[in-house]
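Read through the structure below, which is laid out as structure tokens, and then see the notes.
Per-chain numbering from 1; labels A, B and C assigned in written order.
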Amino acid sequence: MSCTRANGGAIFEARGLHKRFGGLHATRDLSLSVEVGQVHALIGPNGAGKTTALAQLAGQLRPDAGTIWYRGRDITALPMAARAARGIVRTFQITAVFEEFSVRDNVALAVQSRARHHFAFWRPAAKDRRLTEPAERVLEQVGLTALANLRAGDLSHGQKRQLEIAMALATEPTVLLLDEPMAGMSRAESETLSTLLERIKPAHAILLVEHDMDVVFRLADRVSVLVGGALLASGSPQEVRADARVRAAYLDEEAL
Amino acid sequence: MPKPPRARFATVMLLLLLALIPPLAVLTENPFLVTMFSRALIFALAAVALDLVMGYGRMVSFGHAAFFALGAYTVGILSTHAMQDLPLAFGWTGSNEALLAWPLAMLISGLYALLVGLISLRTSGVYFIMITLAFAQLIYFIVISLSQYGGQDGLALWGRNTLAGVALEDPISFYYACFGLLLAVLYLLRRLVGSRFGRVIEASRQNDVRLRALGIDPFRYRLTAFVISGALTGLAGALLANNSEFVDPTLASWMQSGNFLVIVLLGGIGSLIGPVYGALALLLMEELLIALTEHWQIILGPLLILVALFFRGGIYGALRRSSG
Amino acid sequence: MQLFLEQVLNGLQFGMTLLLMASGLTLVFGIMSLINLAHGSLFMVGAYVGATIVARSDSFLLGALGGMAAAAVAGMLIELLVMRRLYRHDHLDQVLATFGLILFFNELVRLVWGRQPLGMDLPAWLAGSVEILAGVPYPQFRLAVIAVGLLVIGLLYLLIMRTRLGMRIRAGAADRETIGALGINIRLLYTIVFSLGACLAGLAGVMAAPFLAVESGMGENILILTFVVIVIGGIGSIKGAVVSALLIGVADTLGRAYLPVLARLWLDPASASNLGAALASMLIYLLMAIVLAVRPQGLFGSYHA
């Protein structure tokens, strides 16, 4: 399912995105790209428009102008479900899992989503090995096997985050759009998740919206800084860290 | 998730009791019991059909009476034409055979459910409730205007259908036909709910956005569930037409939709078996309270209020919780 | 032409009844997010008490006040005993509980007043006709209903826009969570809003009593129309309720008057009147479907209803 393009071009790319909400110009001429085997981090102060940008990349919001490209095709008009079906999967800033399903069933549903249709009325999904076996493999990969039977709503915040990542992985995506996955996690949980992301990086193109600078500088191959909806700087972590404008606008307030 | 032992035991007892109603009626020399419980089974079937969409998909329909009435009137009209040998369409004079009339009733209600669902399922919440209500009102007013089929006064049937040659005039045969159908529907829906299809429906209720983020657009699955629900409600309507040998526009009234809703809520939403408890409880309460006073609704009303306030999940919900 | 004018006025008069019902219901739904199926029962209580007082005392004014008071008291009791506990419950629990209230009230009035419908005779000073245009007589009472309705619109406007209470109501309709944080006594506010709605419903009942049979179950017919009105107008919006109620009132009345006539162009009289009546009844539901298709939140509603 993973692939790198022969000419080394980006598999997922946004060009010149604009989005307005009434008088608020939330996204200004935003262009960025992600390649397979790469983590591209998107950072910026609160209210910079990172979540809005992510929503447009995922297909939840339609940009007013600009285009989004995947594997060389223009997917700007595709809604979220269609993008997800093609391998572009996002996680949410506010944890969103199916609270009443078990952890395993959450992941099993993610596995199920790969199927072309769901008009199967007879066989119990709980006993369907084509769903439960991949689910259990992913749970192991993420480290949630012990919690497989628990009701998802009963998990801690950090565990729910892990579950979200598991669900994203279960859909065998190419592009992962992660919206502040470390938010609200303990040091240990953050550590587990970072290790996991490092492990899956070679096969995926990951766009990471994140506040936690330690995580960003550990995982990212490329960093883009968003301020007031527009890209202030973009480059390797070292370049961005050293950029004076970025320091002035943003990094000085964060502990480095 | 495993079913709590006490709830499972209660359900087995309930179904056993229902299976034994006719012999009990004969023993106690109270034949009216059979017709009474047939009615309860029919309402249970309609409520179970509603629970499929309401409990599992959170499609709160205030218009299921439309499907109920369509099913009932299909049987009524076919029977009337057959008994009087009047041509209905293309020279066909209708039919009194259940194996023809009942599937046709389901088809017609199912088709209307398709129409209603296509338009309504784009909305949600209170707007969905109102649009489904509006669609039911359309049927209500259409039926009232059908003066050749009784209009406001309703249509009396000349007799019950025959089921593959077996006349259903015999209350006990009819009772077991209803009971058998209810059991079959319960079993089929239970499988449906546990299937991949069922998972999508339940997920669409719990977190619609999340489901879309997984790449699944729930619309056609919810529509399918709605059509199934409508068709099964139509079947209940067909059975009711046989039970009372009478159909009238009140079958399509919004109070009737409200009745179904109340039965589901009273019995326990989202459990499939809950509405069976609900239908029986409502029936029993009506009969018991009527014996006490002719003003029984003055007691039933507050009882429903108490259930709403203190018994989350209705009767079956309380049973499940009491198992610990 | 005269007939048309009469029908329009009739429509406005019917619209006023709908308005009195809708304003209370939309406030309750918009501010407290409460589905109250028993709103029609308050209408019924107002009609019964009003009709009884008018019959005993021959004073319409007293009857009106009595009906309003009875409905307001009933509303207050319902709010304290039942609704208060339901605010945090699921909408479905509210449906079940208020359905129970409908049964209760329907039976209560049968208990107290028996099964025979009550009538209400108009007092002499309201029973006559007035010439609205040269040679066009129109029932005084219907004009009175329109006048009362306009008065209520005016008073409601003043209340909502010009008083502190009104400000809190508007704030509550806009953002339920915030008004709690502002330290406003929510419980009292809710009780007041609910009782106000009940009072208006009672008034609607009294004013509609001369045109309807005052009997058990009369609330349900008007309730369903009221729900349609507030959905079209936009849940929580008084302005929406006003516009929508008058629109529906006129549309429904004109529909009933003219659709059968229109149908007679194509069909024989018997079928035409049948079809016409059916279409007229369906008209407002079709209107609702069209409005919701174009503007799902209603004419003046906000997105988060």
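By definition in this document, contacts are C-beta pairs under 8 Å (C-beta built on N, C-alpha and C of every residue); 3 or more make two chains touch, one makes a residue touch a chain.
Just so it is clear, the structure is predicted and the values come from calculations on it, not from any experiment.
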Farthest chain from subunit A, going by the mean of C-alpha atoms per chain? C
For this structure, which two chains share the highest number of contact pairs? B-C
Quick one: most central chain, C-alpha centroids? B
Nearest whole angstrom, what separates the Cα centre of subunit B from the Cα centre of subunit C? 31
Quick one: report the Å distance separating subunit A from subunit C, using the average Cα coordinate of each chain. 51
Just curious, how far off is subunit B from subunit A if you go by their C-alpha centres, in Å? 45
Residue ranges of subunit B in contact with subunit C within the complex: 60, 119, 123, 125-127, 130-131, 133-135, 137-138, 141-142, 144-145, 147, 151, 254-255, 258, 261-262, 265-266, 269, 295-298, 300-305, 307-309, 312
List the residues on subunit A that touch subunit B in their complex, please. 58, 60, 79-85, 89-90, 92, 96-102, 105, 108-110, 112-113, 115, 118-126, 128, 131, 167, 171
Subunit A-facing residues of subunit B, complex: 1, 191-192, 194-200, 202-203, 206-207, 209-210, 212-217, 221, 224
Show me the residue ranges of subunit C that touch subunit B in the complex, using the header's touch definition. 29, 35, 37, 82, 85-86, 89, 91-97, 99-108, 110-111, 220, 224, 227-228, 231, 235, 270, 274-275, 277-278, 281-282, 285-286, 288-289, 292-293, 296, 305
